[in-house]
Amino acid sequence: MTLLANPFRKTALALATAAAASLTFSVQAAEVEVLHWWTSGGEARAANVLKELMEAEGYGWEDFAVAGGGGETAMTVLKSRAMSGNPPSAAQIKGPEIQEWGELGLLGELDEVAEAEGWDELLPPTVADVMRHNGSYVAVPVNVHRVNWLWANPQVLAAAGVEMPTTLDELFAAGEAIREAGYIPLAHGGQAWQDATVFESVLLASGGTEFYQQALVELDPEALGSERMIEALETFKRLRELMDADMSGRDWNIATSMVIEGSAGMQLMGDWAKGEFTAAGLTAGEEYLCAAAPGTQDAFTFNIDSLAMFRVEGEEREAQQALARLVLEPTFQEAFNLAKGSIPARPDLDMSGFDVCAQQSMDDFQRTAEEGGLVPSMAHGMAVRADVQGAIFDVVTNYFNSRDMAAEEAARRMVNAAQAAL
Amino acid sequence: MDNVIRRRTLGARLGRAMLYAVLLLAALFYLLPLAVMLITSVKPLAEITPGTLLSLPREPTLAPWGKAWGEACTGMRCEGIGVYFFNSIAIVVPAVLISTAIGALNGYALTKWRFKGSELLFALMLFGCFIPFQVVLLPMAQTLGWLGLSSSRAGLILVHVIFGIAFTTLFFRNFYVAVPTELVSAAKLDGAGFFRIFWRILLPVSAPIIVVSVIWQFTQIWNDFLFGVAFSAHNTQPVTVALNNLVNTSTGAREYNVDMAAAMIAALPTLIVYVLAGKYFVRGLTAGSVKG
Amino acid sequence: MSLSSSAARPTAGSTARRSHSGLLQAWLPKLVLAPSAAISLFFVYGFMLWTFVLSLTNSRMLPSYEFVGFAQYARLMANDRWWVASTNLVVFGGLFVAICLALGLVLAILLDQRIRQEGALRTIYLYPMALSFIVTGVVWKWLLNPGLGIQAMVRSWGFENFRFDWLVDPDMAVYTLVIAAVWQASGFVMALFLAGLRGIDDSILKAAQLDGASLPRIYWRVVIPCLRPVVFSAVMILSHIAIKSFDLVVALTGGGPGYASDLPATFMYAHAFTRAQIGLGSASAMLMLGGVLAILIPYLYSELRSRRHG
């Protein structure tokens, strides 16, 4: 029973402390309340680095974690807190949603910190634009995820006698070979966001970066209803042939574990999948392979986690400014991104401590930032507003799961989805 | 049914055997998920994905339970869900007591002191049962803000009381309807007042329905997630929020055995209540329908 | 009961006092009910009204008061997902209530037959109600998963062609919700019916037996009609569970595959919160509540009326 003795003893102490704390209200000099959903063991350890940095400077950290739905529940809680007039100091908000909160006048600005730390020079313009509202910085980026990755198990590929596919055609060919060899070609989880993640990579490959920009970022109805869209949708639907029948509702990490174990050959997923491979003790480039999603080598679909700051005053503001500064400092950036599988938001960081996939990711990030091809991920809330994203999700997932919906019908619904926003 | 003469023919015995068979089959249906949860919670992680749900663990371990209680990460705190128990208790106990008390008084007033429109009032109050919590989330948040109770324990208790009153009133009203009015009328004639009659006559016989109401409210409030997550601050989060943080990590590793152990731990209080008080529950519901 | 002995004989002086306290006594019940009535008025009806107002506005992430008439309702009517969700509610709600009532009644009747270990069996049937819907959803998601759960298990026993993949079938997914919900709530209904059965006056039954009625006939003609108030309570509670079914959908199917198993409660939540479309979400909430009330008001009316006379 010694296994249990420690946690229970700790609990008694914790309960007593909690009881005491709830009776008295202990206020530290200056503290921030941060709403986030970094709740797994690895994420918690990574985020704790930030908390310790804050505490080392004498600021307090009130942790307000709410897991679920990639931030869905956390955002609901945030709205409820905002309605009650009591928002937290900072919250994990990303993409266009930052602009929506800014429009409500609830965000505080970080220009002092930005100037002192030189954010304008440090961050690529695409990234900086997301963090600014009306010209002022209101959020600070924590990391950069790349969404258009292909992950593979080299042994399965070898057994099927194929190489990592670099185009969509090669993907289908490799898939067939893998299936002949007795494995599942493409591991997938049938959830709306996963369907959309795969779809946007297919669209990017089949239609090109400019088309992606027109269709999924600018929501141009002509692009959305065009032949190219129909083609992309049909290719997307064809990918179903490479997946297994039980994929509906499957969590993304179970799909990744199928690749890790070797029952499936490949998976199209963002770079957080790397965390699973690392946790299983595998080495990048040797025991698992990573490459840009087929056909998207010149594109980088980004998904940037960021902490948006709310309008606060006094000591809380001081702590908040310190928080913003510490987030972009090398110490936190390195620790957090090593654990998360993403790359640092500051391109000037030394990447030698990162694995080959991350290094390639950073190279591609800088290259596409300069040459074009750095596009926001629609599936992860970086490109369009939540309601349009949701409507597109509905179309994509419904089309993917339906038995008889034609691609033309789906394209037509996409046009409606984009226009439905009031 | 006690007075039915049972003839010990073959047909009757066969019928009896069938009876037990059906009941046992039903029992299996109800127990299957619990079995799955228990088995999964003692499997080491490596055995979970390969095997099927009911395959017994080759190396059963209690480590997931220990981890769920004291070490699992629920945010940046990695102290398991045990520490959140106190929060849940601090919310549930006052909310249950207050809503039960109010429900009792309401039921009493509606049935023993009928006035014009009291039935209509009851029917109108009953609609409170049906309003989905998602609908009231934002207006409630705004109201709590006006009252200065945002993100406080008192605010959350208030919310649970408000939305529990419809149910407790329903229970008590249905129960008191069956209590003979003659006793109350006699007491009224003797000059006893409102509260005195309640205290002396109705309360003593209310034990069964109090049990029903307490069990129902306890379960509802203990298991509530939505209000708990929206209206609590970082240090008053109930155990359901902690469980959600543990189980629903979006892009992190998932340990299903710890998840199941944590779900069982979080469900233990309500399970214990149902197992121990189950018979009082039925007794309470029975007593409510006794015709005097 | 010593109230009668402690009452003083009415004297001239105390009559005046009696009429004062009489006035207070007349008002006291109303005073006691007033807070609950006020709460109901504000927090239930007030909020419903506020939701209605919002459904007429252009609210996105947080409420705004820019009125757009019935545009949100028009959008709702044109929304395929909404129609799927509404149909699902009818199917799910109807099946859930009907099966729970039937199963609960049957189990109660069976348990009432002087069973040994009645207590243990009753606990086994009742305990699922103690669990939160999230837990129920998670466990049943596993059980119904073709690759991990029941289908896999039965196949591993040798029945290679056994199929039970409703969870991943868009046409059948909604029925998985019924299975899990029935599992959770039928035991509670059984307890209600058991209590009701035990509360039936023996004299009525004896009379029926003396008349020579057979057991099934007794049940059908005498017992079940006596259980009408129990059915009322059960329907009230079951309907409330069906309407509020949010956690179950999120945990069990996530509304999927696609949105084939979506329900109005999850639709409303997804649009009001996740998609920052409070206006549309409010419209869906109003329609959901409206539909529910349309069914429940007549039922309530008929039951409460008959109760008064019964």
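Going by the order they are written in, the chains are A, B and C; count residues from 1 in each one.
Assume contacts are C-beta pairs under 8 Å (C-beta built on N, C-alpha and C of every residue); 3 or more make two chains touch, one makes a residue touch a chain.
The chain list, named the UniProt way, goes like this: B = Carbohydrate ABC transporter permease; C = Sugar ABC transporter permease.
The shown structure was predicted, so the numbers you read here are calculated from the model rather than taken from an experiment.
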Discussion item. Edges wherever two chains touch, nodes for the chains themselves; is that graph a line, a ring, a star, complete, or other here?
Written reply: complete
Worksheet item: Where is the C-beta contact count highest, in terms of which two chains?
Response: B-C
Worksheet, complete the sentence: Rounded to the nearest Å, the gap between Cα centres of chain A and chain C is 38
Practice prompt. Could you grab the centroid distance between chain B and chain C? Build each centroid from C-alpha atoms only and quote it in angstrom.
Written response: 14
Discussion item. On a C-alpha centroid basis, what's the spacing between chain A and chain B, in Å?
Written reply: 37
Worksheet item: Of all residues in chain B, which are in touch with two or more distinct other chains?
Response: 137-138, 244, 247
Fill in: chain A: positions in contact with at least two other chains
69, 76, 79, 83
Worksheet item: What are the residue numbers in chain C that touch two or more other chains?
Response: 62-63, 269, 273
Item to complete: Spell out the residues on chain B that touch chain A in their complex, using ranges where they run on.
Response: 49-50, 62-63, 65-67, 69-80, 82-83, 85-87, 90, 137-138, 141-142, 144-145, 150-151, 153, 229-231, 233-236, 241, 244-254
Response to the item:
chain A partner, complex, touching residues on chain C are 58, 60-63, 68, 71-72, 75, 80-81, 141, 145-147, 165, 167-168, 170, 253-254, 256-260, 269-271, 273-277, 279-280
Worksheet item: Mind pulling up the chain B residues that touch chain C in the complex?
Response: 1-4, 19-20, 22-23, 26-27, 29-34, 36-37, 40, 52-54, 102, 105-106, 109-110, 113, 115, 118-119, 121-140, 143, 162-163, 165-166, 169-170, 174, 177, 183, 186-187, 190-196, 200-201, 219, 223, 225-226, 240, 243-244, 247, 259, 263, 266-267, 270-271, 273-275, 278-279, 281-286, 288-291
Response to the item:
Listed in rising order, the residues of chain A that touch chain B in the complex are 3-4, 6-8, 10-11, 14-15, 18-19, 21-22, 33, 36-44, 47-48, 51, 61-71, 73, 76-77, 79-81, 83-86, 251, 253-254, 257, 261, 272, 275-276, 279, 340
Discussion item. Under the stated contact criterion, what part of chain A meets chain C in this complex?
Written reply: 69, 72, 75-76, 79, 82-83, 97, 100-101, 104, 190-192, 244-249, 385-387, 389-391, 394, 397-398, 400-403, 413, 420, 422
